[in-house]
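Dropping a structure here in structure tokens format, bear with me for questions.
Chain lettering (A, B and C) follows the sequence in which the chains are written, and residue indices restart at 1 in each chain.
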Amino acid sequence: MKNKRHVSILLTLLVIALILSGCSSQGQPSAITSLAGAGATFPYPLYSKMFDTYDGTTGVRVNYNSIGSGGGIKALTDKTVDFGASDAFLTDQEAVAMGAPVLHIPTCIGAVVLSYNLDSTPSLRLDSTLLAGIFLAKVVKWNDPAISALNPGLSLPDLAITVVHRSDGSGTTSIFTGYLAAVSPSWKSTVGAGKSVSWPTGIGGKGNDGVAGMISQTKGSIGYIELVYAEQSGTPFASLKNASGTFVTPSLASSAAAAAVSLPDDLRIVIVNSPGADTYPISAFTWILVYKEQNYAGRTLGQAQALKKLLTWMLADGQSINEGLSYARLPAPAVTKALALVNSMTYGGTAIP
Amino acid sequence: MTARKLKNGVMGFLVAASAMLLIAVLVVIMWHIFISGVRYLNWDFFTKAPAPFGENGGGVFNAIVGTFLITLVAAAIGTPFGMFAGIYVAEHRGHRFADIVRLCADALQGVPSIVIGIFGYTFLVVRFRSYSALSASVALAFMFVPTTTRVTEEVLNLVPSGLQEAAYALGARRSSVVWNVSIKTAAAGITSGLLTSMARIAGETAPLLFTAFGSRYIEWNMLRPMSALPLQIYIYASSPYPALQQQAWSAAFVLVLLILLLQYSAKHLIARVLRVKA
Amino acid sequence: MAAQPSRSDQRELVRERAFTAAGLTAAVALVTTIVLFLLQLFVASRTSQAAFGLPFLWRSEWNPVTEQFGALPMVIGTLITGFGALLISTPFALGIAIFLADYAGRKVAEPVKYLIGLLGGLPSVIFGLWGLFVLVPIVSRFEVWFGRLVGSQALVASGTTGVGLLAAILLLAIMILPFSASLILESLLVVPTELKEGALALGATKWDTIQNVELPYVRKSTVGALVLSLGRALGETMAVTMVIGNGMRLPHSLFDPANTLASAIANQFLEATSPVYVGSLIQLSLILFIIAILINIAARVILRRGVQQ
């Protein structure tokens, strides 16, 4: 009967689907062929390329969802992923919520740039006071004398400044507001620093890509995004006056220079406003977060091994990918300390082979 | 006199105008999907996974596979529950509990899809410590069951009682009567209802946000995160890159085709039932 | 005759029992699911209940930074978009239903009904896609023009980006239109022809008949249909999320970005780290769940009374 046939066709399709899904997990039950991670959008361009290369060389697929540092921390807390990624290290509250010690493994250095949308695409120079003024809504028009003072020779329009910030929990926000809090006492007292802050003005975008998109679409806007995103969307970005008084353009070299400071062993360090003539003041590490003790929530030794292998690769061969995408490589001292952290991961108390 | 005639004419015009407006809106939307969607379609689009960040090309094969698997498994999970619940309600019409069951089916149908997604996350993803396509299928099954229950009940009630009574008269037990007589007679209608429900859940996004999680890879394993067409459309549409936005339109085109296919299959079966009845 | 039941009889008995068990299991599972949902949502929103209590419903601050949460901006957003969409779409839904019931011949009615079904079957995310790339730029241009027309600085300052309440209302109206149109059409089709013909015989015009005979006849079921459409609009997630702008403050104008209960959850759930934040979002979903059930019950009550008429 026709109807029986329809039902049996559906059933057959279903059986095929189930068999296929079972197929890939057969073969070597202990070999791990996929890992899951989530978090920061700041290094997403780099991770995307890194994991693609890693898949090509080892056949292990790393599925990374770029949902913002806040999302990465939540996913790791809920233990629904193998690793999280964040540009801000855990707050005390978050560390408590994790329930167990978490390692911060840096992977690269990036730059948070101020990108803007103006008709003549000028090269703007900004300094910390002006920046704070703009984001505190004290400087509201592009032709404000404070801006012209730093940029003589540029004719700036009589246009309102639209600030673009992040609407989600963002490590990039944490880096940027950390910088503002370090250089501007009034910012520190009114707004403060963190992954989410109460912005005095502006519109919100989701993720680095969301902010980049809003900047491209809104005339007269200015926002803070990672260097690669500005290059991708083609919007100009400003040179900032650093702690030594020089105006520095964000680049590979100037962000790498920011890491030439003494690093703590756990590598939880903020490198904004670093000293040095050539450093770009809003440079930052970004970290991968993993639990130090890998035997939790039923994880297998195989999973811990696969994770360790991935991290080791990212700190070694993987670093050759960084510069091609305008992220600075980790300096040698950072790599050494990072590898030490990775090797300190344990499974059931013993080191992971 | 003429005032009423005038009103008659004016209202007639307005009424026709509303219909025109609806058609215009639909045409505009379908036109956009078609024009923007077709532009990017190529063989790669159907067969490859997405390219890494910043690189052009790539496709949505991972999402196509995901939609196919997740929808089928959701239907497989939901069909037995939905059908048997529908059978129960039809067989026990008038009983208090059957009324409660019907009420619950209606209530479940009215639950917003995002709430289903939250439930999927707290109940399945967190409990089993991983995002997975299977948890997405279970979440979608919650949406599949109420419509299946209703369709099964309605179609069973249409079966002429004479047929059932004849079967009872021959000494058949209730399960035999229901299964071999009523269900068989109603099978085409039920199947077409199943296909319509599948078309509906294939387009759902919110439950997938917190369960399937999405994946750049072509994934066949239901226990891992997986992509799906609606999810991929949402992610690409929210990105600021024209190349990805373009892919969103093309993926939308593919999704609409899939839904049309399912709906056509459903109608096709209805047509056959009518021919059989006639 | 036989003292022992035959093998096939035994098998039949087992099948019978299994069948009955299956039916009962499925039925109970359905009921349990709803109860489970409610319980789970209640339990998971404990943290926010403990922090804010009942006033959560009317607190207007939603600030993840200071961990102060309140549902009011989302509730207002949900109500404005829902009722706004209903207000705009109802005249058109009525118009289309009346057109198909009384004016259109078979040749026109069938394709139009098919098109309505098509529009109604489009996934929400595709409406969102269209809304984001086609509707929002149009709304943005309108907002700029309107702001210039009215000359209000405040209006312009609040937003001319196109995303916001206005775009969400328009998009929702388009989305619930097919649904309410087909429900009203269904009820119009059961109006007894004798009533219509009687009126026409007395000299009424077509519209007279519609206005004074058909519409009053279907009043209750139309209201029921509208309530169901409202329920549909209130629960809509993806399309609204994509065009409403994710605003966390109380909206002051239709041009402001805002959030509905559903869109706030969709936008923020994956990154809510602190327990209070997560609990608050789940409490929003509990509120949404309860609203959806209440509307469902209201519609049933109205429709039952309509049928008895």
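As a convention for this text, a contact is a pair of C-beta atoms (placed from the backbone, for glycine too) under 8 Å apart; a residue touches a chain by one contact, two chains touch by 3 or more.
Treat the numbers as computed from the prediction; the structure is a model and nothing was measured.
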Exercise for review: Determine which two chains are connected by the greatest number of contacting C-beta pairs.
Suggested key: B-C
Study note, to complete from the structure: Outermost chain relative to subunit B, judged by CA means, is A
Revision key, fill the gap. Whole-angstrom distance, CA centroid of subunit A to CA centroid of subunit C, is 37
Check your understanding: Between subunit B and subunit C, what is the separation of their C-alpha centroids in Å?
Key -> 17
**Study point:** Residues of subunit A engaged with two or more neighbouring chains
**Key:** 206, 217
Exercise for review: Pull out every residue in subunit C that's touching 2 or more other chains.
Suggested key: 270
Check your understanding: Which subunit B residues reach two or more other chains?
Key -> 238
Exercise for review: Would you pull the subunit A residues touching subunit B in the complex into a rising list?
Suggested key: 1-4, 6-7, 10, 13-14, 17-18, 20-25, 34, 36, 38, 44-45, 48-49, 51-52, 55, 61, 63-65, 78-81, 206, 209-210, 212-214, 216-217, 228, 232-233, 297-298, 325
Practice item. Sort out for me which residues of subunit B touch subunit A in the complex. Key: 52-54, 68-69, 72-73, 75-76, 125-126, 129-131, 184, 187-188, 191, 194, 213-217, 220-225, 238-241, 269, 272
Practice item. Provide the residue numbers of subunit B that touch subunit C in the complex, in ascending order. Key: 4-5, 7-8, 11-12, 14-19, 21-23, 25-26, 28-30, 32-33, 80-85, 87-89, 91, 97-98, 100-101, 104-108, 110-115, 118-119, 121-123, 142, 145-146, 149, 173-176, 178-179, 199-200, 202-206, 209-210, 230, 233-234, 237-238, 245, 248-249, 252, 255-256, 259-260, 263
Point to revise | Touching residues on subunit C, where the partner in the complex is subunit A | key: 63-66, 159, 161, 246, 248, 257, 267-268, 270-275, 278
Check your understanding: What residues on subunit A touch subunit C, complex-wise?
Key -> 67-68, 70-71, 73-75, 77, 93-94, 97, 167-169, 194, 196-198, 203-204, 206, 217-218
